[in-house]
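Would you mind keeping the following structure in view while I ask a few things?
By written order: A, B, C and D. Residues from 1 in each chain.
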Amino acid sequence: MGLMAIDKRDLSAFIDGLIPQWEVVAPVPVEFKYAFRKVGSFQDVALDYTNTMLPPKKFLLPQRDELFSCNPEGGPSLTPRFDETPRVLFGVHSCDVHGIWLLDDILAEGCSDPHYLCRRSNTLIIGLDCKGPCHDNAFCKDMGTLKPAGGFDLFLTDLGERYAVQVGTGAGTALAERGGFYMADFEVREEFFAAWQKKQSGFPNRIGYDTAALPNILAESYDDIIWEALEMRCFDCGACTTVCPTCYCFDVLDENDIGTDRSIRYRRWDSCQLQDFAAVAGGANFRGKRSDRLRHRLLRKGKYFKEKFGRFACVGCGRCGRSCLLHIDVRDVFNQLKG
Amino acid sequence: MNHKYVSPYVPRLAELVTARQLTSREKFFEVRLQDGSALGHQPGQFVEVSVFGVGEAPISVSSSPTSQGLGFELCVRDAGSVTHALHELPEGSTIGIRGPYGRGFPLDELKGNDLLFVAGGLGLVPMRSMINYAVDNRADFGRLTLLYGSRTPADLLFADETERWRGTPDFHVATTVDLADGAWTGQVGPITKLFGGVAINPVRTSALVVGPPVMFRFVLKSLLMMGVYESRVYLSLERRMKCGVGKCGHCQIDDVYVCQKGPVFPYTRVRKLPEAL
Amino acid sequence: MTVRAGVFAFTSCEGCSLITLEVEDRLLEILGRVEFVNFREAIDDKSDDYDIAFIDGAITREHEVGELMKIRERAAILVAMGACAVQGGLYFLKEYHEPGETLAYVYGDKAGQFDTMPVRPVSQYVKVDHSLYGCPIDKREFVEVVTALLSGRRPNIPDYPVCNECRMSENICVFERGLACMGPVTRAGCGAICPSRHVGCFGCRGMVDKPALDQHRAVLTERGLTEEEITARYRMFNGHWGSAHEKP
Amino acid sequence: MKNLDIKVEHVTRVEGHGNIVVKVRDGRVEDARLDIVESPRFFEVMLQGRSWQEASWITSRICGICAVTHSTASLKATEDAFGIVPSAQTVLLRKLLLDGEYIQSHVLHVYFLVAPDLLGVGSVVPLAGTHIEVVRMALRLKKLGNDLCALVGGRHVHPVAMKVNGFTSLPEPAGLASARERLVAARADLDATVELFKTLRIPAFTRETEYLSLKGVDEYPLYDGDMMSSDGYVFKPRGYLESIKETVVPPSSAKHVAARRDSYMVGALARFNNNHGLLHKRAKAVADAVGLSAPCHNPFMINVAQLVETVHCVEHAAETIDMLLGSGMSVEVSDVRPIAGRGVGVVEAPRGTLYHDYTYGADGMITGANCIIPTGQNLANIEADMQGILPGLLGGTEADVAQTLKMLVRAYDPCISCATHSIEVVFDRG
C-alpha cells in the first residue's frame, strides 16, 4: 500500500489520541533493558529502544491463555473465552513485526486458532524502524527481516523531522485518517529511500553465507557432532524459546476453583527444550536427549518453516543467544555448521 | 454467547454410557455424544477425552465405524491424571470429546489386500477398530492375520473378541506373552516369535503395526524379511499430544505433526523421518 | 467433597504451616472443603482420623521417626511441605560441623544431656505422595495442591528450572548484575521471586529432577566463583538432596 | 483439690512445641513448668563459616512467624560489626516492614490464637460459623500486614529484598500509595475490633515483675534504641551480656534468661509499660477505651497491648509511607566492607526483644554467633506467673485449671519454634 508521513511533533498527539480507545502497548525502559508494557501516555514510550526482553507475542499469545471455563452445574456448561480488548502495539521493530507475521501464518494454518485470531484481529500494529543493529549478536539482515513485509498496519521510519509511514492494511489507512498524517511527496520518498539504503548498509552480515542455503546445510548436518557438543552447554531451561518471537508451543492445563468446583482450561507457554516435552505416559521420551532437542529447535528455526511458509522461523533478533547462560547462539550454530 | 469464533479447544459433551473393567489396568468405555450425532471416525483415528477439572488425553477410538452401537468405544489404561479420573467416573457421567483427529488406516489403499495386523499391548485398542471394520466388510479384504503380543496372559485385551475373530473365515490369530503363568499354554516371547508361524503371501499383504515404541524396529525387520513391500507397511505412532490440532508442538516428529499427518503413517514416510523410530 | 487434614510440624521454623493460613483470600473457601482436624498452631482439637497429612519440617530426632510413621499409616495422602521436609532444608548445614562440637557450642558443659541425629528429609523414612517445595512453600502452590487433590488430579508442580519462570517475568538475569544464581538447576514454581527482587536464587525449592550440574558449575566458574563459593551455595538448601547428591 | 498433676501436651495454638507441667502436693505447688520439646536446631553452629551475605537468610529461618524481625536483627548485627550506618531510606523501609510484621503477627495471635479462648471455642474454624464478620475482618487485617511485607520485602515469611546496608530492590511508589489507602481503610476494622475487645472477659490476675524493652526517644521503639528496664536502668545493646544472663537449668526446659531479678517480661505489655507515652494518639485512645493503662501487671493484658500496638503500627506505617513518598526513594549504592570484629543487633519482635550477636573474621565469615529470642526470655516469667496464679485456681476443676494455664501461656504469644536452645526434658509426674 501507500507511503505517508507524519511530522514528529504530531506523533505524540496521535498516540495519546489512541489511548482512550485502545490499550496502547509500547516499549518502556526497565533499568538498562526494555519491555513491552501497557503505557498511559506517549511520554512513557522509549522510541530509541533496543530489542525488548520478551517479544510482543505475549500480547497475542499470552503466557496464560484461558480457553474455556467449565461450570459443572446443570450440565456441565462450557464457555469459551476470547479476549477482544482493542489493542495497539506501538513501536514494534521490523524483526518483531516479522515474528508476528509468522505467527499469523502458523496459527491460521490448518485448524486455525480462534483465540489467537480474535486477539490479533483486535490488535493494530504500528512498527518503528530501528536505526542501527541493536546488539552485537543480532543478525536480522541475514534472516531478511530488516524491512517489514507483512503483519503491520503502519510502519514508521525516522527521517529526522518526520517519519515516513508505510501503510500495510486498510485498518492502517483508517488510523492514518485520524489526523497528522499526509501523503508522502517526492521529497519524503527520496528521504525514505535514502534511509533504507543507509539502514541496509549500516547493518553487517553476521552469517558467513547466503541463508538461502540454510535449509540444505541443516539437512546435511542432521548427524553432525556439533549437536553433541552443545549438550554440555545447555540447562534445559527453555529461556531461548521463551524469549523467541516465533516460538509458540504450549501446554494445556486445567485449574479448579476450590470454592465452586468450576474449572478453567488454559494453555501456557511450553518449550521444546524442556526435558519432558516429548515424554509420554509409558515412560518413553521421544526427545530425551538434549542434543536432539537442540537440533529440533534449530531445524525449526532454519528449515521446517522455510519449507512450509517460505520464511524462516528465526527473525535474527538474537534474543535467544543473549538469554542463554552458556551462550548457545543460533547465529553461531548456523555459522559453525558451514564451518 | 453466539460468538463469531468457534474454538476447536472446546469439547463436545458426551455421556459415559458404560464403564467396564477389562484387566487390572484397563477399562472399557462406551461413549455417546450428547447431541446424538455419530462420531464419524475412521479406524485408527483418535479423540481428545476431557475430564473437566482434571484435563484432557488423546485416546484411540476402539470401535469400528461399522459397529451397530449408538456411540463409540474406548479402552483406557490408568496411566496418570486424566486416565485415572476416567477410571473413577461412574457410568452416566459427562465427559468432553474433541475429534475425531488424525489420519487413520488408509482404507482405500488396503482394499483388496490381505491384512496382517501386528499389535503389541495397548496397540490392540486402535487395531480393534480396523479389525472389526475388516470383519464387517469381509468381502473387501483377502486373508486376515492378527499377531498379538502382551506382557502377561492377564493383560490380554478383548479375549472374547479375539476368539470370535479366530472363528471368522480365513482369519488367523496368534498370541504371545512375555511372561507366562502356569495356565498359559500358548507362545512365550517377543511378538517377532510369531512371525515364524504365519503363512502370508507377501506380495498381496498390507501390514498394519501398532504397539509400544520398542516394538517397531524388530517387527519391521521381520516384515521386510518376509518380503512385505515397504510401501504396504503402515505404522501407528504414539507421541505426547496436547491440542490434537497441529498447534501445541508436542507430537512433532521432525517437521511432521503426528496429530495431523498421523498417527497412522506409511512406512515409506516414516523412513524419511529420523526421529520417528 | 470435603477431606480431613492434619498439619504436623517436626523440626522447622513452622513458616510453612503458617503459609497455609496466609492464603487469606481463599482461606474460608479452603476451610469449606478441608476440615483441619489436627493442626497445633491453629486449633485445639486433635484427631487421628485424617485423609491428608501435611508434614512441615525435617526429621532430626529418634522419636520424630516413630511419630512420622504413625502419621503415614493413618493418612491416605502424605504431603511433604517445604524445604526442610522435602530435602532436609537449611538445617542440614549443621551436618558440616562435628556433632560433639555442635552440642558443646550451644549447651556448654550441659551438652551431654542432649541428643540429636543427622538431619533427614521425610522421604528418608516414609513414602511421600506429593511435595510442596520452597522455603517457605508458595501459597499459590499450596492452594493448587489442595484443589488438585480434591478434584483427583496430579498437582501441577513444575519440573523445569527457575530460569524459565524468571525469563517469563522479564527479570534482568542476576548474572548480568554480577550476582550468582541457583536458578538454572532449581525447580521453578516460586515465580522466581528472588531474582525478581534482584537476589540470586538460593535453591530453596530443591533441584529439578535431572539438574544440569556440570553446566551450572561452568556458569558459576565463568562468572568468577571459587570452588568454595560454589560449594557453599549448593550446601545452603541442598545438602541432603537425593542420595546421589548428598553433601556436596 | 489437694493433689494435682497436669500435663498439657503440645499446647495448641502456639507455634512450636510446648508442654505445661504442674505438680501440686497437699495444696502446695511443687512444680509449674513450661517445657519446650522442640528439636534443637543449632543455628549458632550453622552460621559458623558462612558469609555476611548469607547470615540474614539463614537466621530468618529461625522463625517463620517473625522472619522479618530475625532478618532485621541479623542485618543490624552485621552492620554493627562492620561499622555501617544504613541510610535513612533503608531505616524507614525496615520500619515499614516491621509494621507489616506486627500487624500480621498480632492479628494472627489476637484473632486466631486468643480470641477463640475468650469467645469460648476451640479454634478460629467454628468462628467462621458463628462470627463470620469477625473472621473476615481478621483475614483482611492479616492480609494487609502480609501484603505490606510482600511489597517491601518480597514476601512475609523469609523476606527476600532485605540486605546488609540496604534493600536489593525498592517497592514501587504506586504500590506504597495503594498500601497507604488500605491502611487508612483498616481503621474501620480496628474500631470494630476494639468494640469486640470491650466485650471480652479478660481474666483478672496481676503479678508485678520487671519489664524489659527498647527505649524510645522520639518514637515508639521497635527498630532501635538502648535497652531499658522498668526497674529504672538502661544498657547498651552491645553490652547485653553484662545485663542479662542465659542459663541452662537442668532438668528444666529451655535456656532461661534473667536480668537483675529472677525473671522479666518482654513483649507488647513490656513495651507498653515502658514506652506508652510514645504511642500514636489513636493507639493511646484505644488503650484508654479498652482499659489498658501503665503500669499494667496482668499478663493476660498482653493481648490488649497487642491490639493497641496494631493500631499504632497501622498509623505508623501510613506515616512512614508518607515520608518515603514525600522525599522520593532512590536507588542507593550499598557499600559493604567486612572487617573482623563483633556486632550486636537488637530489635523488638512482636513477642519481645530479640538479640543477634555475631563475630566475624576479616574475610567476612562468621566465627561465632549467639541469638537470644523473646520466648526464652519470657519462660522464667511464665513459670513464675503459673506459680502465682495456681493457688487461686485450686478450687476449680482440673479442666478449668488446665484451660486457664493454657490461656496464660498463649497470652505470652510464645513462639517456641524459635527457641533455638530448647531441649526435651523427661520429667517426673509424681
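Going forward, contacts are C-beta pairs under 8 Å (C-beta built on N, C-alpha and C of every residue); 3 or more make two chains touch, one makes a residue touch a chain.
Because the structure is predicted, anything quoted here is derived from the model rather than measured.
Asker: Mean of the CA atoms for each chain, then the mean for all of them together: which chain is nearest?
Answerer: C
Asker: C-D or A-C: which has the larger count of contacting C-beta pairs?
Answerer: Higher C-beta contact count between the two pairs: C-D.
Asker: Quick one: which chain's Cα centre is the longest way from chain C's?
Answerer: It is B whose centre lies farthest from that of chain C.
Asker: Can you work out the whole-Å distance between the CA centroids of chain A and chain D?
Answerer: Whole-Å distance between the two chain centres: 52.
Asker: Could you give the separation in Å between the centres of chain B and chain D, each centre being the mean of its C-alpha atoms?
Answerer: The answer is 65 Å.
Asker: Take the average of all CA coordinates in chain C, do the same for chain D, and state the distance between these two points in whole angstrom.
Answerer: Their C-alpha centroids are separated by 25 Å.
Asker: Would you mind pulling out the distance in Å between where the CA atoms of chain A average out and where those of chain C do?
Answerer: Using C-alpha averages as centres, the distance is 37 Å.
Asker: What are the residue numbers in chain A that touch two or more other chains?
Answerer: 253-254, 256, 261, 263
Asker: Can you list the residues of chain C that touch 2 or more other chains?
Answerer: Expected reply: 151, 153.
Asker: Would you please write down the residue numbers of chain D that are in contact with two or more other chains?
Answerer: Residues of chain D touching two or more partner chains: there are none.
Asker: Indicate which of the five shapes (line, ring, star, complete, other) describes how the chains touch one another.
Answerer: Drawn as a graph, the chains match no named shape, so other.
Asker: Contact residues on chain B for chain C in the complex?
Answerer: 53-55, 80-82, 84-85, 88
Asker: Please output the residues of chain A touching chain B within their complex, sorted ascending.
Answerer: 67-68, 70, 72, 75-76, 78-80, 82, 106-107, 109-111, 113-115, 117-118, 222, 248-254, 256, 261, 263, 265, 267, 270, 272, 277-282, 284, 286-287, 292, 296, 299-300, 303-304, 307-308
Asker: Going by the contact rule set out above, which residues of chain D touch chain C in the complex?
Answerer: Residues 10, 12-17, 38-42, 44-46, 48-51, 54, 57-58, 61-65, 67, 108, 112-113, 116, 122-125, 128, 135-136, 139-140, 142-143, 146, 154-158, 160-161, 163, 168-169, 248, 250, 417-418, 420-421, 423-424.
Asker: Could you pull out which chain B residues touch chain A in their complex?
Answerer: Against chain A, the touching part of chain B is residues 1, 3, 5-11, 13, 50, 52-56, 77, 79-80, 83, 94, 96, 212-213, 238-240, 242-243, 245-250, 252-255, 260, 274-275.
Asker: What residues on chain C touch chain D, complex-wise?
Answerer: 9-19, 21-22, 24-25, 27-28, 31, 36, 40-46, 60-61, 64, 89-91, 93-94, 96-97, 101-102, 105-108, 110, 113-114, 116, 135-136, 193-194, 196-199, 202, 232, 236
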